[in-house]
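Heads up, there are several structures right after this.
Look at the two complexes coming up: subunit A is in both, with subunit B in one and subunit C in the other.
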Partner chain A sequence: MSTKFLKEGIDNVQIGMDCHREMLQPGGSHDSMLIVVMAASFYFAIVGTNDSPLYEAEFGIQREENKYLQQFVVHAALDLVDDVQFMTSGCYLKAVDRYNDWTVSAYVTPSNARFMLLHEAKPEDPIRSFFAACHELYLRTLLNPFYEANTSILSQAFDAKVHTLAKKYLI
Partner chain B sequence: MSAKQYKTVGEEAWKNNVEKVNAELFIFTYGSLVVQLVKDYEDYTAVNKQLDKMGYNIGVRLIDDVLARTGLEKCADFHSTAEVISKVGFKVFLNITPSVQNWSSDGKEFSLIIDDNPLNDFCELPPRAVQDGLWYSNVFCGVIRGALEMMQMQTEVYFVRDVLHGADVSEIRVKLVKVLDEEVPANDE
Partner chain C sequence: MTSQQQVQSLLKLDTKASKRSTLLLEQPVTRQRRDKVGLSSFAFLFAEMIRYSQNRVLGIQDLEAKLNELGQRVGVRVLELTMSREKIVRRETRVLQMLVYINSVVWRALFDKQADSLERSTENEDEYMITDNEPAILKYISVPREMASFSPGAFVSGVVEAIASCCQCPARVTSHVVPAEGMPLRTVILLKFDKEVMEREKRLESGK
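On to the complex of A and B.
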């Protein structure tokens, strides 16, 4: 990734933050409040045991220009996951990395598949629940005889269910 | 014997005379069997055929086992045969009772409607398999065909629709072709 692109990405983040502040100004109409709620963006990825991406999804508002930056940030956080995962016995590792106002939360299954969620400021509990529910879905996918471990998850049912979970816990 | 009596027979046999095996072990074994067939044959129609063949070989053995466990007598007509398949056969081996429906007017064809096929647990067919018409549980067809053949009934058994293809229930059609006479097999010396 070129530095120019990275810089562009950072600029965009800055713009995003500015918008955020404006909307959070007291006295804003209900409409703008609604936009604040919708403006939360999430990027979710499942990384297989051999570090290949198995599944990715975006929830909330999606900005085309952030797409590669999000992947980049999550990818960078994988190394931190490797460090943190042995410090705790649980699956949920909480926030492992930060990038401007984005936070990367991670969840490692016992078989070492990693769930990565890139999000803006957000309490831990819903994220924990989201991960746990996704873990359950992931397990069911693994149990499907037609699914081969460590290959991309192409099932539309899985995709739909993950989006439902995101709506329930995150957005 | 009425349908209700068959039901009691099936339930009694399920409760007392059947060795149970862990459902997941069974489901995964079947699942990996089908997937291996898909890999080996690379053609879903051929896989359907193989599953049917396997089922047939199971069916011709299984029927004796059912009759020995339950002590049922010869069915008077094809209607009671249908009831026995659903309420005794499926009950004893899978603990489900498909409903018997859609009789044809000549009484030689009926459908078994299965809404809770245990084999389908965890399974999701890839779009290609749905498109090419893989009947995941086609082994059932073979079992029914094999079992009925041992009872001197030549039948055609096939899946009409399947939950895994997006239908709300699975339907197996059973069609009686003819009643075989007791005869010596052709190549039997």
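On to the complex of A and C.
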């Protein structure tokens, strides 16, 4: 019985998603139960005023074959950001694009640096908070006189902080 | 020093630097009560900036371009910083809103007062002027007679240019000293917006 469930479980997992399998045996009248826990994957990128990439990071579980696809999807979503950003004066643009199971959310800072986050289905609020916290980090990086605007952000401290924020709000 | 020691001292330096940069990312960015700089110390710095630039250029135009470039570094930062201190963080997407923002908020952050006027040119509708009757940064600068066409306000026009291009309204920004009675330093910052900005502005206007 359990192996049959297991097999079905694996078949049901869609391509592009990672899964952890966990067997629970609560006993009693239930047979064994299969729980498929989706481990979400995220791709985060900051794009500068002159369309150059400043920073990128991946959170969660990544599949090697999706690496370039994610970059490609985010890159394509930049065109949609260009359309949407004149419709509103808010920074957070919500979901701007979808690609199969992935959603691309965007956030534009007042100086037009674009934060792009590729994620799977997720409530809006944590993403908004993640963007706002990243914006603050970006602001502090920008205020560093040794950082030239629109150049890649190489600071390890920045990288570590972004990963902590991702753990706090996303994963 | 052996190479191993060298590596180790470098590593130590590296961890020190990364500790500092972590601290940097935790600095408060809210407005401090005393975040003003003495005018005399700024004038000293600004004079040195002009001298530095002057030693590296051939003509007055280049000198202004160089000061403009220095101003742009300030512009991007001042826009992000003042906006983050606003009640609602927003983006300025319209030309007029952006100009009002520069005129009031940015000027107050930089010079502790509003700019004296914001006007639209009567001849060309893509030209706007921001006037400052007494620009603080020019207070201790006297331009020699042989450089009469030089306007040290190029630094401020750089600040404005960077903000304009960050708000997706690229413009050619120049500064001119236009003395008026009792105001010998009166400076006009002239913004000439690119064609596509005005076209977009019309489109957005009609869309609403």
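Here, the second predicted complex is superposed on the first by the 134 of 171 C-alpha atoms of A that agree within 3 Å, B and C clash if a C-alpha of one lies under 4 Å from a C-alpha of the other, contacts with A are read in each partner's own complex, and residues count from 1 in each chain.
Operating definition for what follows: a contact is a pair of C-beta atoms (placed from the backbone, for glycine too) under 8 Å apart; a residue touches a chain by one contact, two chains touch by 3 or more.
The shown structure was predicted, so the numbers you read here are calculated from the model rather than taken from an experiment.
Between subunit B and subunit C, it is C that contacts the larger number of residues in subunit A. Once the two complexes are laid over each other on the shared chain, residue contacts for A:A157 go to subunit B and to subunit C alike.
In the overlay built on the shared chain, the residue A:R140 is in contact with subunit B and with subunit C. Once the two complexes are laid over each other on the shared chain, residue contacts for A:A166 go to neither subunit B nor subunit C. When the two complexes are overlaid on their common chain A, residue A:A45 makes contact with neither subunit B nor subunit C.
Touched by subunit B in one complex and by subunit C in the other are residues 140, 143-144, 155, 157 of subunit A. Those residues of subunit B whose C-beta lies close enough to touch subunit A in the complex are 28, 31-32, 34-35, 38, 122-126, 129.
Those residues of subunit A lying in contact with subunit B across their complex are 140, 143-147, 154-155, 157.
Subunit A makes touch with subunit C in their complex at residues 49, 85-86, 89-91, 108-112, 135-137, 139-144, 148-149, 155-158, 160-161.
Of all the residues in subunit C, the ones that touch subunit A in their complex are 18, 21-22, 24-27, 29, 73, 76-77, 79-81, 83-84, 89-93, 165-168, 200, 204.
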